[in-house]
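Here the structure comes first, spelled out in structure tokens, and everything after it is commentary.
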Amino acid sequence: MGRIDGRALNQLRPVKITRNYLKHAEGSVLIEMGDTKVICTASVEEKVPPFMKGQGRGWVTGEYGMLPRSTEVRKPRDSTRGKIDGRTMEIQRLIGRALRSVVNLEALGEITIFIDCDVIQADGGTRTASITGAFVALVDALNKLKAQGKISRIPLDSFVAAVSVGIKESNILLDLNYAEDSTCQVDMNIIMTEKGHLVEIQGTGEEKPFTKEEMDQMLRLGEQGIKELIRIQKESLGELSGIIGDEGNGSNSSNK
Amino acid sequence: MGRIDGRALNQLRPVKITRNYLKHAEGSVLIEMGDTKVICTASVEEKVPPFMKGQGRGWVTGEYGMLPRSTEVRKPRDSTRGKIDGRTMEIQRLIGRALRSVVNLEALGEITIFIDCDVIQADGGTRTASITGAFVALVDALNKLKAQGKISRIPLDSFVAAVSVGIKESNILLDLNYAEDSTCQVDMNIIMTEKGHLVEIQGTGEEKPFTKEEMDQMLRLGEQGIKELIRIQKESLGELSGIIGDEGNGSNSSNK
Amino acid sequence: MGRIDGRALNQLRPVKITRNYLKHAEGSVLIEMGDTKVICTASVEEKVPPFMKGQGRGWVTGEYGMLPRSTEVRKPRDSTRGKIDGRTMEIQRLIGRALRSVVNLEALGEITIFIDCDVIQADGGTRTASITGAFVALVDALNKLKAQGKISRIPLDSFVAAVSVGIKESNILLDLNYAEDSTCQVDMNIIMTEKGHLVEIQGTGEEKPFTKEEMDQMLRLGEQGIKELIRIQKESLGELSGIIGDEGNGSNSSNK
Amino acid sequence: MGRIDGRALNQLRPVKITRNYLKHAEGSVLIEMGDTKVICTASVEEKVPPFMKGQGRGWVTGEYGMLPRSTEVRKPRDSTRGKIDGRTMEIQRLIGRALRSVVNLEALGEITIFIDCDVIQADGGTRTASITGAFVALVDALNKLKAQGKISRIPLDSFVAAVSVGIKESNILLDLNYAEDSTCQVDMNIIMTEKGHLVEIQGTGEEKPFTKEEMDQMLRLGEQGIKELIRIQKESLGELSGIIGDEGNGSNSSNK
Amino acid sequence: MGRIDGRALNQLRPVKITRNYLKHAEGSVLIEMGDTKVICTASVEEKVPPFMKGQGRGWVTGEYGMLPRSTEVRKPRDSTRGKIDGRTMEIQRLIGRALRSVVNLEALGEITIFIDCDVIQADGGTRTASITGAFVALVDALNKLKAQGKISRIPLDSFVAAVSVGIKESNILLDLNYAEDSTCQVDMNIIMTEKGHLVEIQGTGEEKPFTKEEMDQMLRLGEQGIKELIRIQKESLGELSGIIGDEGNGSNSSNK
Amino acid sequence: MGRIDGRALNQLRPVKITRNYLKHAEGSVLIEMGDTKVICTASVEEKVPPFMKGQGRGWVTGEYGMLPRSTEVRKPRDSTRGKIDGRTMEIQRLIGRALRSVVNLEALGEITIFIDCDVIQADGGTRTASITGAFVALVDALNKLKAQGKISRIPLDSFVAAVSVGIKESNILLDLNYAEDSTCQVDMNIIMTEKGHLVEIQGTGEEKPFTKEEMDQMLRLGEQGIKELIRIQKESLGELSGIIGDEGNGSNSSNK
């Protein structure tokens, strides 16, 4: 089976990460995965939510939005409808968890980092592109804090990236575009660290339940995609890459 | 390591399913898993949402709520706050997907079934208990439709149940209660059909990323729990059990 | 005229009060009046709303909800609609006033008690059942506070209970069920203390205005029902009954 | 005991009803009861809510609001807060029920009348003044419909008016102003037809429960006030008064 | 061309300002411009919004509303719809800016003045009438503050008033009523001080763009109307007029 | 006086218009004016709002948003706050009016065009940049409709563009950036057609009222800026420019 856009089953779409995309944010990235384009910013606020005050720990939180015409059919603004839809909430929570999983919140100190992921053009995989791009914006924001002497080291345990995999007509596909995503039987989002440890896995077989063997295949394919994405993150970050996770603290079990 | 409540690592809490719990609903169940108690109802409406009209297919949708004092600390009502929180939305969407995965929506016809899961007492695992209980309520509602001649057979491809597993201090635990849930490093919810096929898997290692080996162990333990839960569903349904999935249509690839 | 369910005109439906129904709440009751079933909880919070701070007085507030399928036809959740409907607001305010009328708020001290009444099955009279049941939950919560030494005595001046009466085809009926409620011409809710003093009376003759003679008859019938309900509250509370109102302070004119 | 403003216990405040107060509304009244001033309008819409379509019956619905500075302390707008408070909802529902009780909805036909009561200055008794004034606005609107040939007669069974009574330091007071209202122990709103039949009664003894004897005294005093108010309504309506309730149909038992 | 109501093109409608219209507000005015009637109140709160605390400066903010039946067709309440519409927001912001432009906020000190403009009858020009009337209410409120010794002088640099002008079939019209407003091609609102300085100008030619010559003509006509309105404000304020702007501080460049 | 960024007083910032910026929208533009960057899309929906059905005329409506970190300090999302702020509403309405002023809605037919302007980086003048960019996106969308044969000609009477001018320390400045905008005394937004006709003018002198002479100077400077912006629009549109306004219908007086 060939793929709609001619890719191999195990091939990512072209990925491009543009750092320092916006002027005001401490970290800002435009990530493009094929036709999916997301602006990811990391904004520093030097305080924490009320319920965390005085504990000496920081917080990372995610928000997500889509421009009304990022999609094929115009989508009314959440702000006009007066409420955030369930899908958006789910993605916001996912982005927050994904990035917190690699941040040492104690080492961050009483600082909040807002991750905003705004999709300007959507063609599938917006949540995974958001996470992969947001990680790079986060590194830039943390580096700025370090340069200002507000933290003594980059409090990141590891790289983290995310990719989707799916099953369509018995084929396992990496990095689904929208046409694939809307017709596949099984859809899985995988978030992984550089060492291949799982930060989050979400698989759904609403159309057709899947076996553990299929799950294993999807995981292997996802891991391969993640490794490639982390390589691209590193390329984009250049020498900044070297300072992540090098303190060798393999666990951040106290970060929540 | 012993568990707080003296259970073995691979042991479910006591499960009790009370059918026909409420008078008005077409299907209604009180499910108790240890101290977690959820009222699950299945309500039939003989029409579908506007966007599905005229397609000859049905719909199953889930809603979820918690009584304010189902929890240790009183939780303000969503209705008072004027909006549904992200966790609730996530669970509502999960319940809907889980049940739709085993319903043949074409065979259902233009009927909507509302699944309401209301937690009256919470001690961990409310979303998985909701799904396990709601399946039984759904069978009762469908059976009523069949008795009324509105459908010709029970349009269910399989049993489905859900359970949580987690990692706490290197132990893999089945069916976490609240005390375990709030202190474990990895938390996974597994939804499976009777044949052991995965309908949904959601695992999060915000505290500590997990390996594929750990994931495999969790899956195996989850499968064992699901088998036991489906056995209890069958016991509760009695002779109604026999009419589910017996038409042998292993796929419902057209149900969405 | 016989009643739909065979009761005498002046007969209550079977009443059952189950104390300690839920695990977490300081007081929790399942009250059943015929097919009407309400979970009433009393939750203690050891502070008062901002506008009452520093006055040394406590507060009691009521909330009310219905499970979506507590009713014959499924009722969308207030939380989904994004606002509380007028009927719910009216009932919430009524519950709060009814219970505050017998609490000595000075003796309570700077403590708030949240009364939550959640209808799991509705067959008429849910607001009156809520008040009758909530009083028992309140006693349990206050008793717990006393046991913890946080209050020196149970700050209750009297028992309080509530019942509905109505006029249907010239008959005066006690404790209307839903079928009666929706077809009667006059509908009245009466809340009374043990001594037969009125705490609240709300009568409406939207269908047909009523005379003062009819009003008197309704009041007499209501008083008879209240006396029976307070007898059942006492039975349920057992020895706790003895400590309510025995300090002989017939007035709590300073409680608001 | 003398009253704050020198009135006798059983004396209404000065009442003034100005008809045709606004230009656009089919009926509009400024009612002044002492310092309480309310603009009441009756607006005709020649259709009914969707759930009533095709039944040949009309509807009357009430809304209520207060100008932000109608009160001693400025009250934020409901529209700014984004929701209507419970007290406003309660009053809106009361106004609607009160006026519907005297309208023959069948004779009205498929017409909706919106009653808007907007308090421009508040000094106690705004809900009862609203009802008394709105009745006059309603007559004018109905009369306009009759003049246009859209209804064949004024479909009103009776006059209706409302007044408050209360108990303060053992005295029974008629028509409480704000200072009295906020310090009385018992507060009762009475809505009555010309024949002295009760349309609605709401009494609350949150501060101090009241006896049936006190209730009877309040009712008698309220009836006296209502008779005086209906006399003033008639005076204001002049010859229009004669055409109300003259068809002698003592019951409108089918109006809901 | 004659105007609908017989006025000359450059003629204001009859203007009437009634001071001390309501009992509770520090300043309150009923302004009538033809059939447009607005209640304007100025309410003093002796604190400022959180973001202004400690700066020693005051604040003036505007709110605007319309009674549902102030208009030809009944307009649903913003509070019922749960949000304020765009037009209302625009007007609220305009009223606030217009009045702040002549207030010396430093001399006011940490005091907030709420300007509420509520339209009870609408016939075009409600926003300009609101500003003209609100200025008078503001003077009364400030005078009360001065009488109480809370400010040492009336911190107003100038009179301010507002008027609309428009182009209809090549004629330039002053002070449009609703019939004119809804049929004119160009609509402009002008807010000016006594010296003829512009505080705000808003012109819109959605129907037909306009030339600079037309704009100049409109401005000249507007200035003439404003001068007349300020004369009427002065007449209404009587001797209070003398104390405004007499300290000769022609600029309040530091007021924001 | 030199300007912060070295520009002459009458000099625009560098302007760049990128057409076809997004894949899905019928028209999409990235407009950059200095550091202000706005994505403008024009989306076609082949129906009109309910209140316009059957009149044979089209509609153009505007929406506006800012990415949370488009600004110096992160701005919470409107969708999170649950409502749109007043400034956003004002801008949305302005964008809609500005574009409708040059569209012949009859010639458009029953089609709605949604204009979405989303600021990705803000440095002053976002509303004027939105209008200037949106016009180009609108041309592309209309051209697509023409190519599809859905309209017979481009129903545009004229080019339209917008620019800000202001007074700062007695200097008149063209095209204010944020630093200038937040410190100027007078701020004016001008929207003009190619012939120099005014579509909208909004000037505010909250800090310091301005004279008619200053107003004239601002208008002249604004006109000069608009001419330059329309030149840039034409350059960007290339040969498409030729087909706008060439039918010579100088008026669209029937377009509302």
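All chains are identified by letter, namely A, B, C, D, E and F, in their written order; residue positions are counted from 1 within each chain.
Just so it is clear, contacts are C-beta pairs under 8 Å (C-beta built on N, C-alpha and C of every residue); 3 or more make two chains touch, one makes a residue touch a chain.
Just so it is clear, the structure is predicted and the values come from calculations on it, not from any experiment.
The chains that touch both subunit A and subunit D are none; no such chain exists. Chains touching both subunit C and subunit F: none. If you average the CA atoms of subunit B and of subunit F, the two centres end up 51 Å from each other. Shared interface positions of subunit B, defined as residues touching 2 or more other chains, are 82-83.
Of all residues in subunit C, only 22-25, 28, 35, 39, 41, 43, 45, 63, 65, 67-72, 74, 77-84, 88, 114, 116, 118, 120-123 touch subunit B in the complex they form.
Against subunit E, the residues of subunit F that register as touching in their complex are 83, 86-87, 89-90, 92-93, 97, 100-101, 158, 185, 192-193, 195-212, 215, 219, 251-253, 255-256.
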